[in-house]
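Consider the two complexes below, in which chain A is the common component and chain B and chain C are the respective partners.
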Partner chain A sequence: MNSIFSEPFFTVLFGGTLTASTPIILAAIGEDFVESGGILNLGLEGMMLLGAFTAFIAALITENVYIGLLSGMAAGVVLGLLFGYLVIYLKINQIVAGLGIGLFAIGITSLLFRILFGAEFPVIPDITDKTAIPLLSKIPYASSIFNQHLITYISWILLPIAWWVLYKTSFGLNVRAVGENPAAADVHGVNVYRTRYLTLLFEGVLAGLGGAFLSICDLSFFVFHMTQGRGFIAIAVVMLAKWNPAGIFYGAFLFGICHSLTYGLQILGLDVPREFILMLPYVAVIALLCILARNTRFPAAFCNPYERE
Partner chain B sequence: MNLIRIGSKQAAGVVIGPVFAILAALVAGGIILLIIGFNPLKTYYELFSLGAGTYLGITESLKRMAPLLIMSAGLIIVFKAGVWNIGGNGQFLIGAVLAAGIAPLIMDKLPIFFYFVVLGLLGFIGGASWVCIPAILKAKYEINEIIVTMMMDFIAVNFTSYLVRYPLNAQPGLFPQTAVLPIEKRLPNISLTEVHIGLIVGLVMVVLVHYFIKRTALGYEFRFAGENKKAAIYAGINIKKVIVLAMLLSGGFAGLAGANDVLGIKGSFQAEWNPQYAFSAIPLVFLARFNGFAVIPLAYFFSFLSIGGEFMSRAANVPVFFVQVAEALMLIFFGVSEYLKKRSKLF
Partner chain C sequence: MRKFPSFLFIVLLYVLMFFYTTTKAPAIPPHPGARPLKVAVVVPASSTDQGWNQMGVDGLRELKDKWHLTIEVAENQGYGDIKPVLRDLARKGFDLIIAHASGYQTVTPEVAVERDVRVAVVENPAAVRPGLVSNYEGEAQKGAYLAGVLAAKMTRTNVVGCVTSAEVPDWNRMTVGFMEGLHSINPKINFLYNVIGEASYEDAIGGKRNTEAQIAAGADVIFGMGDGASFGIMKACEENRAKDGGKVWFIDVIGDKTGIDRKQILLASVLWNFDVVYEMMLIDIYSDRFGDDYRQTLENGGIELAVYKEIPSVARAAMKQAEEGIKNGRIKVSNIADTREMRSYMRRLFK
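Moving on to the complex of A and B:
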């Protein structure tokens, strides 16, 4: 049994935590904007999954990680706009549309994967280039913190930017106004529909990127329903953060710790059945919601379609 | 005259919406088939004929109806009450593993009828136990039940996997599964058929739930709470009671469906088993507009679709996932049909 203070344990724990939290951070930022604008997108899981699948296929063909990431973003945008059409234009119940999009993504990715590869699970040859930050990545124990994929650093930078956009710019103000009182926002000349479409477009980019990160940066393969609830966890993280992007980091970080413990505890050689470790992230989300998200005040127009008089 | 016209218009509305959604989903699915290189007409012909045109297909479809009907009964209650329980797959697994784990212990000690009743109740309790946390969190703290039921779903997959691999594993070293029940300790067939009596249980449950929602005082409270929560609170309805009861009942029905599949079809709980019936039952009850009687034909339709899909993935090479895509499309097009209905006032 390795000592708990051994370097491999910390390398896996720190590095794994940040890698695992990246897709959550990205998707949660997107969902934060969408929910602040008054829409609940339960199809987030599906956007991430389709992003992961599309990115995997593109990266497998081109062996270029950036083409893969861009394809993943495009896939997320397509689903985001489709969802927008359903709930903004057709005013379908958002939960029904979200579940429908989610189930559709699970089905279509599994279907296409099976048709393309049969029972095989191809692996992309090593294309992930981690960016080691000079000097910092040489610190013992903590080296893995500063040896992450470029997208992980970008996700950290995006957090303060998202906070700034949502709270300090007129676009952010419009988004929040549309989420609180769309009729009043409309009277003041805010285009409610366009604002909501934009938030979904933005979410599509980020959720697609998050899914793509999962399949071609964190891992290098695709498996059926590989997002495993990450979309729903991202939605929970947004609720924990009370729609403030600054708070997203904590929830995502905690998910990352739980997730990387899955590997960390295996390195320690602890004799805990693997299933209990795999449950950790989901248990943690429920526990945190229980502590932090009681009687949360939602945006006033949450889940209500806007009908122009 | 007016009444008749209104009546027939309503009846037409009940039929046209789902029929539109199903046809539109099949057309959209056909386009997808075409794109990925299959002949849609041939595929649908095989799907329907394998599922509904052979003795084996019909028998298997009728068996598949049972879990869909039972689960739909629970979903009608919870959706009518305006609460979301989308973790039915996990509740199903917990009910199933409880029934499969206890059945070998009691099968020689109880008369066969009580043995089935006890296991059914255990399945119900198992499923209901799995929504306790989401229900209480929703009722007490307004914590979103969609997220929590979904999280509980993933916990259930891992928890049942642990149970089947360790404490309940009847054959350590081989493929993990609970002790296999002998044929005489499984649900008997309806006479003259090869369909086990779970189908009758399912039909009874759906009809009972239909009348419970429509005709009882408690059912009225559920409907009221679902239609207008604020007014219901104002009218003195205990909304917390409604939330908790509706969720427990829906979880219980999902668990009962799990016990039904163990006792009627599988005879044990095998590792990795997760049929995900909730993902079919959710579109199904929406298409039925939460009407118990409409659930029955739709459940048969969904059953032969999935059985046909399973047979076909062996025969041709169109994987069973296509049926999942088609069902998701039906849910989406159900939403579209609601839009068209409002827009055109046609049906």
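Moving on to the complex of A and C:
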């Protein structure tokens, strides 16, 4: 029992929470822009998965973390543009196209992994390390907060930047206008198609980076469907945050801390059915969605394809 | 007289042929259909997971040449409705379909009856039907008992962890066996137990996080059951040091991960050799006795504890003693498959 309240335990709990939140924060920022522009991308999970796979292959071959991360982002962009072609140009139902993209990514990564490696299980040599922030990383009980992978710090920095871009720049205004009333935005000279493609491109970069973080930084190997629903969690977090990037951190952190609590409570050996403990993160998210998202107003043109008259 | 060499030659040839045919392994009798058997195996995840799925497929591949089998592997079938896959295999005329997942144990016998095709299911002895449905399961609790003995002898902190991707009968049995092995050596040991999720077989990240939490709580030996998730468990053991600054040992199940053990932390694995039970099924198909309950045991080689590192002689002696005790019946390892029963037993054993 004493070990539960020890510093190493809390360190792992907090550190693990922040590491687990990183891919969700990155993907959620991208999805925030896309949804603010009126598109729902359920293919986010697939973009992360393909990003994880491509980054893993590139890092394995080059043993260079940056080439790996860039490749992951590129893969996310490719899927983002493919999704854009389906829903913006061909005007296919966004839900169907998103699910299709997700299934495609699961299938193609499994197939390519099999073709490339057969029964082998390759592991990337140690090419990433955590970056400790001087002084802050020495604070008892909180040291792990400031001893994270570089991508985790980048995800934190991206949150205020995303808020500033979405709410304080003309591009952000265009995105929100396209999500609210694409016809009116078009009349005022905003290129609706280009704006929506740009949001998907941005989302591809971040989702691919989130996936790359999983396979290169967190694990250093690839396993089938390793994203395990993190793309869908990111979508829930965006709605929980009511499309405000500032709220994404809290949503992702809440999910992460609830997940970490499931490990801690199990080790504590409480006489509570494990099912209740394992349900905790999902129950918390659903409860908060019920409370916070009750009066949520979706962008007016949400999920509607735009046809220029 | 000139005929004598010819006679001698014929006699010699006959003698040689006699010895050849009697010393060679008996030929496989012809199948009633006068063709080699067609066997399919259906697995829920990748056949390269170095765990349950790969061992299930490798077991069949091992028998391919010996039994001249035509085999088909249907992998990544998930845990949803696999009836269409089973029906398709039945339509293709397979003589035996091995549904290699406990999640397939209910629907597979239904398809067997519907399409009149031989099937093998996991952990559903009640479904056994002569000529049609066989069941197979491993008495892995005995292998896990040995792993528990090894863990108890190797721990320096007296804290041992167990991380599992689900609470399914096989995993539960192994947890119980492992606990009893630990308890037999040191009843005061601190045992930590974490479940990653309801069916988190492929959740490598969840495996890593749970293991890190156990290591932070003092564990220096981790017994991991997880399929794809076990890679995450292994990764956590690689990346973290125990409280005394030493290695965190990892004890795996089902497969052999020595090929990726870069940090030399893989201590042992409870191996499941499925070819043992598959071969029993093939023999029974030929002898028209198919439809039985097959077991992988320590005795028939279906289960074994492979130790990959040099271990102290006291640990080796304790394991040897335990193995002999299990084989001669002196040590009875509990066979508890039910989750609730397993948890209550855990509470009683490690109060």
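Keep in mind that, in the parts below, the second predicted complex is superposed on the first by the 280 of 309 C-alpha atoms of A that agree within 3 Å, B and C clash if a C-alpha of one lies under 4 Å from a C-alpha of the other, contacts with A are read in each partner's own complex, and residues count from 1 in each chain.
We take it that a residue touches a chain if its C-beta (ideal position, glycine included) is under 8 Å from a C-beta of that chain, and two chains touch if they have at least 3 such contacts.
None of the values given here were measured: they were computed from a predicted structure.
In the superposition on chain A, contact of A:S110 is made with both chain B and chain C.
In the superposition on chain A, A:L13 makes contact with chain C only, not with chain B.
Of the two partner chains placed by superposition, chain B and chain C are both touched by A:L278. Of the two partner chains, chain C is the only one touched by A:F121; chain B is not. Of the two partner chains placed around the shared chain by superposition, chain B is the only one that A:I95 touches, whereas chain C remains out of contact. Applying the stated contact rule after C-alpha superposition, one finds that A:F221 touches chain C and leaves chain B untouched. Touch criterion not met for A:V187: it reaches neither chain B nor chain C. In the superposition on chain A, A:I235 makes contact with chain B only, not with chain C. Touch criterion met: A:G264 reaches chain C, while chain B stays clear of it.
In the superposition on the C-alpha atoms of chain A, the part of chain A touched by chain B in one complex and by chain C in the other spans residues 110, 114, 228, 275, 278. Residues of chain C that touch chain A in their complex: 45-50, 54, 76, 159, 167, 192-195, 197-198, 200, 202-206, 208-210, 212-218, 228, 231-232, 235, 243, 257, 259-260, 262, 343, 347.
The touching residues of chain A, when paired with chain B in their complex, are 42, 86, 90-93, 95-97, 99-104, 106-108, 110-112, 114-115, 228-229, 232-233, 235-236, 239, 273, 275-276, 278-279, 282-283, 285-286, 289-290, 293-296. Of all the residues in chain B, the ones that touch chain A in their complex are 32, 36, 84, 86, 133, 137, 140-144, 146-148, 150-155, 158-159, 161-162, 165-166, 279, 282-283, 286, 317, 319, 321-322, 324-325, 327-329, 331-332, 334-336, 338-339. For chain A in complex with chain C, the touching residues are 3-4, 6, 8-9, 11-13, 16, 20, 110, 113-114, 117-121, 123, 214, 218-221, 223-226, 228, 259-260, 263-264, 266-267, 269, 271, 274-275, 278.
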